[in-house]
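Chain lettering (A, B, C and D) follows the sequence in which the chains are written, and residue indices restart at 1 in each chain.
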Amino acid sequence: MYKGIVIKPPFFEIGPKAFMYGERMLKLAKAADEAARKYDVRIILTPQYTDIKLLVENTENVLVFAQHMDPIGTGRGLGSVLPEAIKAAGGHGVMLNHAERPMSISDLYKAIKRADEVGLISIVCADTIEEAKAIAYFSPNIIVAEPTELIGTGQPSDNEYIRETISAIKQINPEIQVLQGAGISNGRDVYNVIKAGAEATGTTSGIMKANNPEEMLEEMIKAVRTAWDEIQTTNKYL
Amino acid sequence: MYKGIVIKPPFFEIGPKAFMYGERMLKLAKAADEAARKYDVRIILTPQYTDIKLLVENTENVLVFAQHMDPIGTGRGLGSVLPEAIKAAGGHGVMLNHAERPMSISDLYKAIKRADEVGLISIVCADTIEEAKAIAYFSPNIIVAEPTELIGTGQPSDNEYIRETISAIKQINPEIQVLQGAGISNGRDVYNVIKAGAEATGTTSGIMKANNPEEMLEEMIKAVRTAWDEIQTTNKYL
Amino acid sequence: MYKGIVIKPPFFEIGPKAFMYGERMLKLAKAADEAARKYDVRIILTPQYTDIKLLVENTENVLVFAQHMDPIGTGRGLGSVLPEAIKAAGGHGVMLNHAERPMSISDLYKAIKRADEVGLISIVCADTIEEAKAIAYFSPNIIVAEPTELIGTGQPSDNEYIRETISAIKQINPEIQVLQGAGISNGRDVYNVIKAGAEATGTTSGIMKANNPEEMLEEMIKAVRTAWDEIQTTNKYL
Amino acid sequence: MYKGIVIKPPFFEIGPKAFMYGERMLKLAKAADEAARKYDVRIILTPQYTDIKLLVENTENVLVFAQHMDPIGTGRGLGSVLPEAIKAAGGHGVMLNHAERPMSISDLYKAIKRADEVGLISIVCADTIEEAKAIAYFSPNIIVAEPTELIGTGQPSDNEYIRETISAIKQINPEIQVLQGAGISNGRDVYNVIKAGAEATGTTSGIMKANNPEEMLEEMIKAVRTAWDEIQTTNKYL
């Protein structure tokens, strides 16, 4: 687990996948930069590899992650994404094992070790509680508990799934942070997930397919803050 | 076949694979930029995706290609390399179907079409004459005739292979340019390949593993020019 | 191209994929065996690997093909399908490069060569005319011209596609046989495809999802014979 | 975890990969059948898919496993290995996630569940202790602790690795059996691994590349028995 950067909860991941790139993506990143500052919420952006440097150089408050990387060192490997190259471009971390880019167990383990070596935060996707527990043994920084069947459907994880997953992961390694993904369509969904106990959540379609992505982004980040503050207040009086 | 950029022969491809990246790669790219100007030889660089924009913005005479891209349009596809994103980063083209990143026939066909649509030069690898002929039907801009068994061995393709491959490809589509790869270790190898009739060649290890990559780069580009001029002179008197 | 077995047209391929296996598949194979004899139509069955020997030993008139094989020789390769093992089990041929099991160009080329060496008929799938032409350079025995977008939809290839594909393939190598796939739902579809000039066709869902697969099989094989005889009669008087 | 068949230790796995098939494999299987009876050692054979039925029908004492299977149910999936088809051919189990056939975490989890449903013993490969622990959460019947770097080298796992791995796995789920793989070349290696505390081991090259595979098989199975009996005797007097 890379300790060079600490992401204080609550945080939020925006995954442009192959929806946005270049100047359009930069516009969204600037809106994220402003929302991160305004609401004091950490935001992770996972742009196309080609946009990492562009976003890093034009923002101050967001964390820029690669969508994937290969478990390799310098040398051969044409077409690969070299961990050192992500770091050199200014990237802060890397997403691994998303349902659209699954990795073998062995490659995932090596990639997490490479992220640690190179100095990249690792955020690893799991789509069942059993997978999340298995992945916890590899000590990534963050696990995305994202039931694959919900990706892109607009239906958020239920509360029981959220609590069970967080508890199962933290039992194996309490330092791992847990992001609840899948099915976030609007500020209301974000609010519900955070209130249900999540320390982080995120979306792709919720923002990418919104009529006004920047507006939706602000709505969601504001919801993170509102829900988080309500929990803190409640806890204070308990 | 994308017609927006014409690469006048002779040309030369330098493939850093995962050997060089970031500032070190930028240094090499600047040396390539200068050699391209000095010797009037077109140079293609295929850096890590994360370095495309960096090299494009800091050079004038080199062509910057992605090492691979996915045959997709905008939308889902986490971990993918979107054709539009390469173009937006300033990339001039894309390499496809290298032995270290093989593509299915169907994906290769689609990726070449996507390169045409987006405005990227396509350079496709083949490792037998039969494969080169098959690929010629997809009308890429350039075919790399690179016997896989020679990659990284320092043994250049023999003259017969060079002539047969060029002839076979041009018979199917005379507009396709042919690059003779594999086994280029020094200026002498480059000279021999161009004199044997190639309009282009290239290397990875020859430069990446050289004691002084920039010096080797200059030696090779100079050899391209020398061999090419000798052929032109000879042809003039025939 | 393996010449040890000649498949006289018309012929028909039935692809059980992962729908049928074991005793249920054997029942269908016996019905195919009887229909092949009764209507003098060659039938290719592509069962699960585990059923190849079972079907070969219990039929006389059908050809049993593997669904895929790896382009390897004896040695390492756990989880692979060895060409020699298919031959030893009595298999007559192998399907390659189906849309559900795409192969790289290089692997496909090697697999066709391995089929030739070992003595297996190769039937290779293509989903555009360009891909079919490219594959024709590798000299397989049979090319399946099967527009991917039609697989499983119940909509047959149109006549123009059929004629163009056959003509394009035969122009490169007249010995290659062409099977028109995709979208065959019943005897009427089969009749239309053969009348449109195909020497072969086939189905998966048409039979696998039929209420009575054996009845549908007989309907389709009968339609092959009827259409084929009508063409022969017509040609005789031309 | 499938409970329909219990494999009493000690046991031994012979992996023919793509080295042996058909009649030659049957000869080895018969020798294994006799050795299993003579030395009261359970033997698992993982032949080519096409040979599963052949071996099952011609042996009495060996367990026949597929080399791999796909995490699918009946339906589409051309080129796949359907769990139900292995079971129907008489197979007793399936190997998963070998270094030559890695699976994504999600597919591995699904495949183990499918093995349970269909009634197949699952034997899953891991190449580090961390991976073994992660896999233990999926409750397969057997985990092969096989440091990838040793496969085919003839150098057995060291005692510390053996003890640590067994202890780590049993701590998560004491019902999982552990097979120590990699680097077994002869009877002496087998003896050492069992004496070091393994309940099972196995080999590919040790037997496949032996001058007389049947003789080597007998030497190895005899060594399993000798080492196992010595341990039992020792334990009795402790």
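Here are some notes:
The rule we apply is simple: a contact is a pair of C-beta atoms (placed from the backbone, for glycine too) under 8 Å apart; a residue touches a chain by one contact, two chains touch by 3 or more.
Here is each chain with its UniProt name: A, B, C, D = Triosephosphate isomerase.
For clarity, every value in this text was computed on a predicted model and none was experimentally measured.
Path length between chain B (Triosephosphate isomerase) and chain D (Triosephosphate isomerase) in the chain contact graph, taken as the least number of steps between touching chains: 2. Considering the contact criterion stated above, no chain is in touch with chain C (Triosephosphate isomerase) and with chain D (Triosephosphate isomerase) alike.
C-beta contact counts were set side by side for A-B and A-D; A-B has more.
Compared with chain D (Triosephosphate isomerase), the chain whose C-alpha mean position is the greatest distance off is B.
For the pair chain B (Triosephosphate isomerase) and chain C (Triosephosphate isomerase), the fraction of shared interface numbers is greater than half, so the two copies use mostly the same residues to meet.
Chain A (Triosephosphate isomerase) and chain C (Triosephosphate isomerase) have centres, each the mean of its CA atoms, that are 46 Å apart. Between chain A (Triosephosphate isomerase) and chain D (Triosephosphate isomerase), the centres computed from C-alpha atoms are 39 Å apart.
Averaging C-alpha coordinates per chain places the centre of chain A (Triosephosphate isomerase) 36 Å away from that of chain B (Triosephosphate isomerase).
In chain D (Triosephosphate isomerase), no residue reaches two or more other chains under the touch definition. Taken as a graph of touching chains, this assembly forms a single closed ring in which every chain touches exactly two others. Contact between chains, using the touch rule, shows up for A-B, A-D, B-C, C-D.
Listed in rising order, the residues of chain A (Triosephosphate isomerase) touching chain B (Triosephosphate isomerase) in the complex are 15, 17-23, 46, 48-54, 66-68, 70, 72-82, 84-86, 88-89, 91, 95, 98, 100-101, 152, 204.
For chain B (Triosephosphate isomerase) in complex with chain C (Triosephosphate isomerase), the residues that touch the partner chain are 97, 99, 102-109, 126-128, 130-131, 133-135, 137-138, 148.
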